[in-house]
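Next come two complexes, and both contain chain A; in the first it sits with chain B, in the second with chain C.
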Partner chain A sequence: MKSESPTVQRIWGTARWKPGASRLRLRLLAKRIWQDRVSYLMVAPYVIAFVTFILLPVLGAIGLSFTFYNMIETPRYVGLLNYIYLFTEDDVFMTHVLPNTFTFAVIVGPGGYLLAFLLAWLIAQLPHRVRTVFSLALYTPSMAAAVAMSAIWLVLFSGDRVGYLNSFLLGLGIITEPINWLHSVQWLMPVMIIVTLWSSMGVGFLAMLAGILNVDPQLYEAGRIDGVKNRLQEIYYITIPSVKPQMLFGAVMAIVNTLQAGAIGVTLSGQNPTPNYAGQLILNHIDDFAFQRFEMGYAAAVSVVLLIIVYLSSKLAWAFFGPKEGE
Partner chain B sequence: MRRLLKLPVSLMIVCGIVILAEGPLFAAVPYPSFSFDAWGQRVVCPAPYEPIMMIDGFDILQEDRWSLTGYSVVPLSQPQGLAVDAKDRLYIADMGNNRVVVYDTQFNYVRSIGDSSGPGRLSRPQGVFVHDDGRIFVADTGNSRIAVFSSEGNFIQAYGKPASQIFGVDYRFAPVALAVDHRGTLFVVTEGGYRGLVQLTASGEFLGFIGGNQAGFDFLWVLKQLLFTEEQLSREARRLPRSPSSVTIDHQGLIYTTTISTNHAQIKRFNIGGVNTLPERDYGDRFFRTGVSMFTGVVVNEKGLITAVDANSGQVFQYTPSGDLLFVFGGRSIAAIERMGVIHQAAGIAMRSDGLLVVSDSRSNTLHVFQPTEFAQLVHEAVFLFEEGKYDQSAQYWQEVLRRNSNFDFAHRGLGMAAYQNERFQEAMDHFYLAQFGDGYSDAFWWARRAWLLEHFDTVLIVLAGLWLGYQAIKRLFFGHWRKPKRDWYQVNRLLGDLMHAKMVILNPSAGFYDVRWSNRGSWSSALIIVLLAFAAKLFSLYYTNLIFLSVDRNRINLAYEAMTFVLPWLIWVIANYLVSALKEGEGRFKDVFIASSYALVPYILIMIPLTIFSNVMTNYEATVYYFFKNAALIWCGLLFFVMVYTVHNYEILEAIPNCVLSIIMMVVIGAIGGLVIGMTFNVTDFALGLYKEVIFRVF
Partner chain C sequence: MRFRLLRMDLTQLILTLFLSMLAVFMLLPIVFIFMQAFKPLSELFLYPPRFYVMNPTLDNFSQLLMSVDAAVVPVVRYLFNSVFTSVVTVVVVVVVSTMVAYALSKHNFIGKNAILNMTIMALMFAPQAVIIPRYIIVQRLGIIDTYFAHILPLVAAPVSVFLFKQFVDQVPDDLLAAARIDGASEWHILFRMIFPICRPAVSTIALLTFQAAWNTMEPSIYYIENEAMRTLPFFLGTLTSGLANNVAGQGAAAAAGLLMFLPNLIFFLVMQNRVIQTMAYSGLK
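For the complex of A and B:
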């Protein structure tokens, strides 16, 4: 048997293996808790908030995903039926939603991530005042996306002859008739990707910026003495290893944001489902089933699948950026 | 004596070879016929049309005061546009004789129109159209007008240049072809009419242009527009779109045009809004084309079958109503012989309601009449049903077509659609595979896969869960605290160790390549094995990737060609990079570059083989996944090549970029020189061989 650490022994005492000791153990536990009541008080707000607002809903969703629930009747247990339906019968999910989400995630995830790192690095080179202005400017889109979208992108991608992009391309003779960017099956996805990339300088960007600014300047000096000749080497040998934790955070945030982006297609095209499901992402699908068809059980199943995808993707990010053995 | 004999014999052999090269000949048909497979490649097929008659107009007698008999024979001269009326009479715009000739259904001469003096006299007419009500519209090119005649040939009226301001004083209104819809609206093709067809109402009022081509996008022009001043711009030659060359109209009022001197969207079908409803693609023979396509005539039958004629090749092209190429037949002969069915300069085309096809030949002053064979009739019948979506009914016709010509891919497509419609997806997949019809195959496979999943989903889940649990259990039970010792493959075998070094390269490229240069990792043999493996992976992906993602025809894969385009460029890269780096103080030896470049191919092997296997359970919907991983493999390899350059040669990262660029330029140079040397060698050997033969011939 493993020898227990002093802490364990202190908590459980020696009463552990004596017959009929469970009541004693409970009392001991209560005593211990009472002793540490201040600490418990300190963590209580977070624990309570976490349990009520995150843990319970997630568990509830997982529970609901095994039921049929239309928000009026009591949920009826149906086993794995929702999942089976999702992967075999739901043609929209298999033919549009999943492929769309994959395309979107593959481009926006790494693309936005690289962009965030690059811009963070560039901004870090600026003097202090200017840097603040620029980082605020870059961070704004992710805060005010919905408003800015209608102000800028809807005008830019307007489908008629006077939309900025159409007008510009028509003037150059690249196209001969205006393209309805936001309602065409072919163009909605690229537009969504562009807009999302633009607004992807979120928390991850700020974290990376902070990380880059926090790198000890002495490291760069030491590097220069050791033979670092240009900025590219600086980034590769010093900056990236130093900001690895922030980069991991940025990667996880990028994945989560990408997979949870759903409003974008609906906002741009102004309809849910998007035209011919061209911009339908998993979140739109959930929204469609939950709040338009009121099939809560099924929507819960889809969101559980989304949860699993997010979990697996962040595992992947860990594999890439997480601390390795010996670090 | 011997020489004299030999010449004709060798001539005959040469002729025979040339004729054989033209394609197999069928009895009584003096031209090869082709259908096309999904890749646009020619497939020989039985003749869809056979020539039955050649009309030269030597039966046309005209009054002639100076002739003894009072009549003289005036044969056709430069016949241009053709038309057929409701009674299947044939109208020929006989340009050289300034008249329109009418033939009856038996191709007997009936009358000439427009050759007598008066207001109806024609001058070099190029186009003719017969309205449903029997009126004959003639594009009277020389007189810059459209002349209208009654069905008896009496002049009724003429449409001159429209009085719209769009047509300035200098504008020459020279109609060359026209079509009239049932309301009497005229659609006129004019010479140099780049703005499209002139649309005139029955009363001659100008309605507008329709069916104009587009000038297309030209990057240089955009640059000029951005940079030039207005004055400079005005001095530039104007970029004008190509003008249509002929027009026809079907019973629905859809307007078909052809455009010459282009290889893109040569045939267009406009609805009344002026929108082209045919797919914009190359309608010519993509792989065997002599020069540029010159479609000079198009005709549509009542079921939408499109037939067009190409003046450049003398071939007749037939398309389904959706614009898919069915057959090509006809063509110029090698010798300038007059032969039934051999077209020299195709000008116009017409189709009778019984399916007879008439093509005018303006160089040999004849008309060729073609009759559909039984094979073509079967195909047509099947296509009509297919186009209407009656796949089930079309199936029996397709089967009959296949019985006559098992290489007719379109038939498999038809049978596939029939099976698909009846939810026999496996059968549909087989047919679509034979037809190499990727989209159809994908759809059929999607349904088949769905059915399979529906049946086995719980099994799949249980198996997956079982595997995972088993894996976890084994890991916990047996390998809990015991870690596998790292194995040094070098202790087993040198070659094996070199091959396993690839793992190091993948996990840590810099260190991996460093060891290649400085720790003697890798050997010639290991490098060779990896390159061959990569080539094998390439071949594997060519042969076993799902049809949907194939970009080449699997049946036409040429091993030597694939090796030339895969291994050879790699080898040239190694040489080029070594040469460039040797000059630029690179520290890598030739062997290092060779070995490191082989390791850079490892991601391709690692990704392509599983991807190829997985592609077989994917459909079009998962195409993104497929292309993502495929591109990832290529990008990864590219990055490894880059890392290899700066590690092996001990460069700075920034130094490696110009080095890579130079290496690529060097590759091009080596390729060009290599091509030159091969070409020269070929010529020299050819010369030597010729000399040897000549000597033998003269001496003995």
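For the complex of A and C:
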């Protein structure tokens, strides 16, 4: 709030630990906190909510992952047992869930992200009025809730002859037999990916679009004078460096979206586990163990693994787009 | 070669054509939900199925709104729960997020950086990943089966806080210093100056929060056992289970889906300029 008084600053900045000084420091600390009480009042509701619904659940998941817990008895400490089981004996996890998650996450995450950047850049090349129409058209699907759209997907991808897609493809002669899109091992995953990509041009896409539109046109002119020859060089040397902060935000949003889309397989196929685990992602695995088998400790261990994967992906995004030294 | 009428060059024209095709593809499912919602029963049963609706009717909506079985809660109740919890959530989140964003942006206090760093790390937080401890916490708070279970978990909104903070960063410090010299309190500055100046950002977080609250199924599935306290998305979820074999239900499900989708769309269309304006400042530095 107000900048601290010079004395406070001097003592805070230079004080070394001395037996007599610690009481003084404590008093100054209390004084400083009292001075800033308005600030603390302003952040209090958010911090309380944050601790209750984000921080504690994450810590709770970590804690529970070392226990056996079935919601009835009190949790019993089992050490690393859940993790050992997860990586050595949970065949479903190793042979289906992890590979599925990897395929899904790579295509929908980085793939969808590149697509969003590319489309944002293409749209930015157009005159203003056309631009608005296209950005609206691309953003609109991301507003539709997964559950609202499932009313449509289930009908479009219906597995018999009456299904709209089947009927359309049969009519064109592309297929001769109706395909059971949502319950076949071969097709569930592609449908999940298409449906998720379809709705992935959300906040991150808008952020990158706004960022690209805000690049100073003089930079491009200066670039041309300095020998930038074509559009590709322009993107590489001027657009990307200027939009880096928005690209980082977009990348973070892409990670969240990918994570949140994790339930789509169950929504589409209408069953957990999905047919032959074809669309089983980590999130479904957690749900399966937590709310169908009531093995909460084990489910918590799986969610901790998920959190670590998400954290590492974000580190990767920061490494790519985060501010470098001197920026 | 230039096309005078459109004021575009050739590359732009090709680009426009390509993007138009893409836009049509993107909007097709949205158009389809409108078509389905207005189809009469005879057209839902049509073989081969037809994309377009020939004789639009409101039957699906009236069927949806009138269905009051003995055991089941009327749709209007789900609708009320959805509207009520979404609106309250938006108001609470906007007030809470702007307060903390202003303090993080313009004040200097011990712990500020910790809060800021936690918020940035939590940008990618997805509640589904830690649903078990969240359930336990909601249960311990004793808010199972109350509207609080719908609202409170959404109050911790790192994305809103972050977006708003980035926007407040643009407000010149001199302006605030001048107001302080004139004797304005911090609350006065926040609600009488920051709020009006940052109206685009306020609209944006209101929109994002509304979408999150309106679309979420998490509270209804996990924290609510009383059917009368559940929201529209949950009801829609019950409609869509087994939908492929229930052609008669497809119209009502599409109508409910449309009911879910329209508020989001209208809200966004009203706000879109402000949203784009806010997004320009969304960069993570």
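Keep this in mind: the second predicted complex is superposed on the first by the 266 of 327 C-alpha atoms of A that agree within 3 Å, B and C clash if a C-alpha of one lies under 4 Å from a C-alpha of the other, contacts with A are read in each partner's own complex, and residues count from 1 in each chain.
By our rule, contacts are C-beta pairs under 8 Å (C-beta built on N, C-alpha and C of every residue); 3 or more make two chains touch, one makes a residue touch a chain.
Remember, it's a predicted structure, so these values are computed and weren't measured experimentally.
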**Request:** Record, for the superposition on chain A, whether partners chain B and chain C clash or fit.
**Result:** fit
**Request:** Please work out whether A:S314 is in contact with chain B alone, chain C alone, both, or neither, and reply first, second, both or neither.
**Result:** second
**Asked** Is A:Y164 in contact with chain B, with chain C, with both, or with neither (first, second, both, neither)?
**Response** second
**Asked** A:I286 contacts which: chain B (first), chain C (second), both, neither?
**Response** second
**Fill in**
With chain A at the apex, the angle to the CA centres of chain B and chain C, rounded to a multiple of 10 degrees, reads 120
**Message:** Just to be sure I read the superposition right, which of the two partners does A:P75 touch: chain B = first, chain C = second, or both, or neither?
**Reply:** neither
**Request:** Determine, for the superposed model, which of the two partners chain B and chain C contacts more residues of chain A.
**Result:** C
**Request:** Tell me which partner A:I84 touches in the superposition: chain B (first), chain C (second), both or neither.
**Result:** first
**Request:** Name the contact category of A:F102: first (chain B only), second (chain C only), both, or neither.
**Result:** first
**Message:** On the A-aligned overlay, A:L172 touches which partner chain: chain B = first, chain C = second, or both, or neither?
**Reply:** first
**Complete:** Least Cα-Cα separation in the three-chain superposition, chain B to chain C, whole Å, stands at 13
**Message:** Just to be sure I follow: which residues of chain A are touched by chain B in one complex and then by chain C in the other one?
**Reply:** none
**Asked** Inside the complex, what are the residues of chain A that reach chain B?
**Response** 80, 83-84, 87-89, 94-96, 98-99, 102-103, 106, 172-174, 176, 229-230, 232-233, 236
**Request:** Quick one: which bits of chain B touch chain A in the complex? Just the residue numbers, please.
**Result:** 214-215, 217-218, 221-222, 225-226, 446, 450, 453-454, 457-458, 461, 621-625, 628, 652-654
**Request:** Would you pull the chain A residues touching chain C in the complex into a rising list?
**Result:** 1, 3-4, 29, 32-33, 36, 38-40, 42-43, 45-47, 49-50, 52-61, 64, 119, 122-123, 125-127, 130, 132-141, 143-156, 158-164, 167, 171, 182, 198, 201, 203, 206-207, 209-211, 213-214, 243-246, 248-249, 252-253, 255-256, 259-260, 262-263, 270, 283, 286-287, 290, 296, 299-300, 303, 306-307, 310, 314, 321-323
**Complete:** Per the touch rule, the chain C residues reaching chain A in their complex are 6-8, 11-12, 15-16, 18-20, 22-23, 26-27, 29-30, 32-33, 36, 47-49, 51, 96-97, 99-100, 102-104, 107-110, 112, 115, 118-119, 121-134, 136-137, 141, 152-153, 155-156, 158-159, 161, 186-187, 190, 208, 211, 214-215, 217, 233, 236-237, 239-244, 247, 250, 253-254, 256-258, 260-261, 264-265, 268-269, 272, 275-277, 279-280, 282-285
